[in-house]
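Have a look at the structure below, then the notes.
Read from first to last, the chains carry the letters A, B, C and D; within each, the first residue is number 1.
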Amino acid sequence: MSHNSFGHLFRVTSWGESHGPAIGCVVDGCPPGLKLTEADIQPWLDRRRPGQSKFTTQRQEPDSVRILSGVFEGQTTGTPIALHIDNVDQRSRDYGAIAEQFRPGHADLTYDLKYGVRDYRGGGRASARETATRVAAGAIARLILGRVRIRGALVQMGPHGIDRARWDWAETERNPFWCPDPVAAASWETYLSDVRKRGSSCGAVIELVADFVPAGLGAPIYAKLDADLAGALMSINAVKAVEIGDGLASAALSGEDNADEMRMRDGEVTFASNHAGGILGGISTGQPIVARFAVKPTSSILAPRQSVDRQGHDVDVVTKGRHDPCVGIRAVPVGEAMLACVLADHLLRDRAQNSGRRGGNT
Amino acid sequence: MSHNSFGHLFRVTSWGESHGPAIGCVVDGCPPGLKLTEADIQPWLDRRRPGQSKFTTQRQEPDSVRILSGVFEGQTTGTPIALHIDNVDQRSRDYGAIAEQFRPGHADLTYDLKYGVRDYRGGGRASARETATRVAAGAIARLILGRVRIRGALVQMGPHGIDRARWDWAETERNPFWCPDPVAAASWETYLSDVRKRGSSCGAVIELVADFVPAGLGAPIYAKLDADLAGALMSINAVKAVEIGDGLASAALSGEDNADEMRMRDGEVTFASNHAGGILGGISTGQPIVARFAVKPTSSILAPRQSVDRQGHDVDVVTKGRHDPCVGIRAVPVGEAMLACVLADHLLRDRAQNSGRRGGNT
Amino acid sequence: MSHNSFGHLFRVTSWGESHGPAIGCVVDGCPPGLKLTEADIQPWLDRRRPGQSKFTTQRQEPDSVRILSGVFEGQTTGTPIALHIDNVDQRSRDYGAIAEQFRPGHADLTYDLKYGVRDYRGGGRASARETATRVAAGAIARLILGRVRIRGALVQMGPHGIDRARWDWAETERNPFWCPDPVAAASWETYLSDVRKRGSSCGAVIELVADFVPAGLGAPIYAKLDADLAGALMSINAVKAVEIGDGLASAALSGEDNADEMRMRDGEVTFASNHAGGILGGISTGQPIVARFAVKPTSSILAPRQSVDRQGHDVDVVTKGRHDPCVGIRAVPVGEAMLACVLADHLLRDRAQNSGRRGGNT
Amino acid sequence: MSHNSFGHLFRVTSWGESHGPAIGCVVDGCPPGLKLTEADIQPWLDRRRPGQSKFTTQRQEPDSVRILSGVFEGQTTGTPIALHIDNVDQRSRDYGAIAEQFRPGHADLTYDLKYGVRDYRGGGRASARETATRVAAGAIARLILGRVRIRGALVQMGPHGIDRARWDWAETERNPFWCPDPVAAASWETYLSDVRKRGSSCGAVIELVADFVPAGLGAPIYAKLDADLAGALMSINAVKAVEIGDGLASAALSGEDNADEMRMRDGEVTFASNHAGGILGGISTGQPIVARFAVKPTSSILAPRQSVDRQGHDVDVVTKGRHDPCVGIRAVPVGEAMLACVLADHLLRDRAQNSGRRGGNT
């Protein structure tokens, strides 16, 4: 990853600020001959779109994507695909106060220290609005991945986890939280309503699962699949932790318990467990890829916090404006997109080096 | 990160297998005029070196590093620095059995699936032996970083954590575990002796702290300091999770509790807390950088595990040979080195874009 | 350079086809705090713009550039700068015939062989239209370069060279050819009118000169300033040769004649000649950078040429539509822009590695 | 290309100075399963090796290459291949004088200006000795390229060209100049003997031809095959010009004469000429790739030249020591190697994006 680009062969370069005229990205390296129209991208953007329930920011952005290049007569041509999303509902007036003040937990201070100048409107470049371009790029990545299935779920909201015995993927489409546990979803509704009314916020943990990933993806040592995935997920706004497979919990396991035992079944290697999260030595095993990431509570809250301003005065900051009480909810489709992009990139990389060999992914 | 290189301007390319004639790396992009001899690197390697206590593998490797280029009359010249470490104590005979069998938790299966051929001796390229080159590169990175202080500590061994109230950095140099809590260290000694005698293994959690990091390091959006750090740490063998600041725990916090409040003190911005781990919006705040990573239990254990071989037969695998019962111990200096490399890279990147401006790091 | 991006720290990613809705580029890595509005870019685009004399294509494109990100209140912010240029005068009907036929000298055949699908309208991605985005990026690069002065001139049209004794930079702004020799310019007018009327075309040689380039730019071995410049110039459409300093002619010199002798004058190293073109060992000397590149004759001509079509039939191709009889003319501002981008990139790279040292460029 | 690395997927990182203990490179991204031993590399190094005739430097370097990693039981494993060549005949005493003086035409001045410190012995990093590592890497690239045949020839020595009517590839192996014209070779022998005796030097032009290159290699816009090749060749020491196909001469052609007309023959596209040098729109056509590069006369000559020293005094420099009177001779195998590396890199890149499609190179 390099400044505003990520990926090596499937390479995404994003641009745009929260309150500029538009945001967008350039997707380079996409194979030719894939069927692609805006209709293949828009549904994924709609999942991330704000203003869809009372639990996300009330900013109304249609997030209509336009393909400006790289597609001809409905097919990708192998040239860079420019994706463009106009900003519609900017309302910059909400943010005038933060031009001079540094909101705790936000990037205001650090952008100012680093660059000496920043577009403070709505968080500028540091706004979660940028993640729309990731979702758009991820939609193209999915086309490359063919039958690979990528799904995400919220498995913890604030301090409240789910009961994994009740996990039902279909449930994630039925509640506004992408929660796979209907009982937890119901209780979260009450919890988050209260958080929202108090002008407070909470964090979340998201779990991503990719099924049907071919074995052999990942390029050790410094482009391990899990390393690239960790970087990609950590680059999402507000993410503070990334786990692969058993993650932190694996530290407490014994070697015996952690071993994913193997047996042949119908001529295929099968595993008795998946503590590894589908990755060994940085390379996919063919098992489902499992990753989790933790999102901190939204930093924009109504309760006044101590801070300083650009002139070096102590101030108390109250963040008004429209915000997500739990920004982790909308991080679900973003995480899915990043996983898709990483896998697509590694599929192409593996094809380059290993095509035609045992395990090569053509 | 690209296959076997990492870093953008301070760029390390590593090579070598566990049982080949040597391992090494090329450090490119180092500023000229830094005083550098092997004596600046060797002490860091010695900290990671195996065979120093009964708690690490008994392989005896002097890990003597030689500088083959890029240094003239004791100074770096700005040209690539080749570092070379001979392998001395290979004992390949220990590993003959695994040529055909896939050890659970190891990269045997995935290298075979991906490449169709692998150097199975001692894990080949996937061996933790490769991490010696990271430590060597990290020693050079530290020279670039000047007064930045980077330290690591083992904060959890197997299921056993430390008492942070007893944290004493000096203690990490007094026990074989880099444990900052003398009481925990004593109990770990008993615990790990038992694990080792049983031929079992355990995981660990390592905490890294970098003090005196200048504000302004990190290059959003896709080269955030935390994103690059997450990728760098996850690329270390056996790592399954990375946390920045409060990490996973931040998901359970409220926005109020998570806010690191600021006040001016003596003309400087000071923080009342450091939940963020010294990074906001992907850019360093000037607070200490705090990161943790979890290492899974060593996969090489004496208890037989179910597996398969290259010919597709079910087999039971017992891993003899010399191994670390808790590979997380030796991961401490490796993690420190990766943190140093990431910071050095970002120091140069920031200097390129922001030199001479407010917050620029010259 | 990587697919559709070039530059390492000052990094340009371009997108767009000749007859799509728009073309554009993302300029990443630009230092913050530079004053920038569309008015800083537009004049450079206007110099490259088609339809300004009878000697360039009659396609009427205003080439109005819009800045969509990375600039706030008239200053660069250090975030990616998206530049957007709408395509206005596409007239796709002119090109319907070439959907199935491969025009000799064009990229029709090779895009088809490589990708199996191509946007054939106006050459699609292979159109010289893409070079507008290079010029736009070059305008930003010039801002970074400060007092560095970059100029280009046409020094050969078809077989007709100039008399260097008459070289006058001011003259390049007075004729439609960027010719520095007024006598040659007058005769070229007659020559090119004839070429144009016959529906034929001719090639050209362009010379670029950058004055006031600081010494020390260039990063050996594989990012030599001349190597990066050669790649950048060769990437321009229709370029078939690149020379630095004396170029090809240096092969015929003796070592004695080729030596650029040095003497101290007023405390500075001065050179008696500049056969090297301002670059030694891949690093700038402080002398003017001198480079030349040769452009082949426009491949679109009225005379029928033998070719084949997608179905494998022999055909005779006549290229109608609007074309430049000498595409080398409009390559002058494009070459200048590429030189500016390469220098800006290396200025940032040098600053990263060598800031604060002797010769460092802060 | 990035500092001391080149290539995107087939990636070479080189290190080493002329008079350090060794030089070497790391070849990353090589496909697994290729048969490779030192015996596959050594013959190519032997072609470049100094001291083989009176027309090259008398430095005696066996240039024995050792493979330190990435190969197991005679096969590449897909992990990085470290190549190591010891420096044997350094004789640093020859170069003591140049520690303080800047030789005209050499990189002494610029390295000093850029880095403030340099290994002056034998030119240090700027020595042509580094090109041995390119040749070694090129030998591996050739294995990837399969039936592609890459050959080079000296087509001009000083002012003396060849008669192309007498071109005979077999002849290049029979004279010490890689000259394809036996008559020219004979006269060059006399010419170069005289140059050598006078302590003078001369330049040269090398032509490279790659046959059987599959169509579809090259990645527009900024990774065009010719652009990458131009950068790669210009990165070779002392190169001042690069041409593709007709090169500079194409500027003087008419569009009619420059068109490479096509006809179907036996179901294949065939060309009546190859002015383009096998590349259109940055992508290979399937015709032979033809490139030329010009090498300036060796800068080390016996005649005193005016210069300055590090202390700012005017001095007269005489360069003793062992040198090639025409360094262009030994540039022939180096140019071949760079062409091989560029083609191998693009073969892998094309495979990644286009595998399985029309024109895809599997």
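Assume contacts are C-beta pairs under 8 Å (C-beta built on N, C-alpha and C of every residue); 3 or more make two chains touch, one makes a residue touch a chain.
Just so it is clear, the model here is predicted, and its values are computed rather than measured.
**Student:** If I average the CA coordinates per chain, which chain comes out farthest from subunit D?
**Tutor:** Relative to subunit D, the chain whose C-alpha centre sits farthest away is A.
**Student:** If you tally contacting C-beta pairs, which comes out ahead, B-D or B-C? Let me know.
**Tutor:** B-D
**Student:** Roughly how far is subunit A from subunit B, going centre to centre by Cα mean, in whole Å?
**Tutor:** 26
**Student:** Using mean CA coordinates as chain centres, what's the subunit B-subunit C distance in Å?
**Tutor:** Centre separation, subunit B to subunit C: 45 Å.
**Student:** Just how far, in Å, is the C-alpha centre of subunit D from the one of subunit B?
**Tutor:** Here subunit B and subunit D have centroids separated by 38 Å.
**Student:** Would you give the residues of subunit D that are in contact with at least 2 other chains, written as numbers and ranges?
**Tutor:** Touching at least two other chains: 2-5, 14, 29, 32-33, 78-79, 111, 114-116, 125, 220, 354, 357.
**Student:** Which part of subunit B faces subunit D closely enough to touch in the complex?
**Tutor:** Per the touch definition, subunit B meets subunit D at residues 2-5, 11, 13-17, 20-24, 26, 28-29, 32-33, 66, 68-70, 72, 75-82, 111, 114-119, 124-125.
**Student:** Where on subunit B does subunit C make contact in their complex?
**Tutor:** 9, 29-33, 78-79, 220, 348-349, 351-357, 362
**Student:** Would you tell me which residues of subunit D are touching subunit C in their complex?
**Tutor:** Counting only subunit D, the residues touching subunit C are 1-6, 8, 14, 102, 104-107, 109-116, 125-126, 130, 156, 158-159, 195, 200-205, 215-224, 226-235, 237, 239-248, 250-264, 267, 269, 272, 275-277, 279-286, 294-301, 303, 305-308, 312-314, 328, 350, 354, 357-359.
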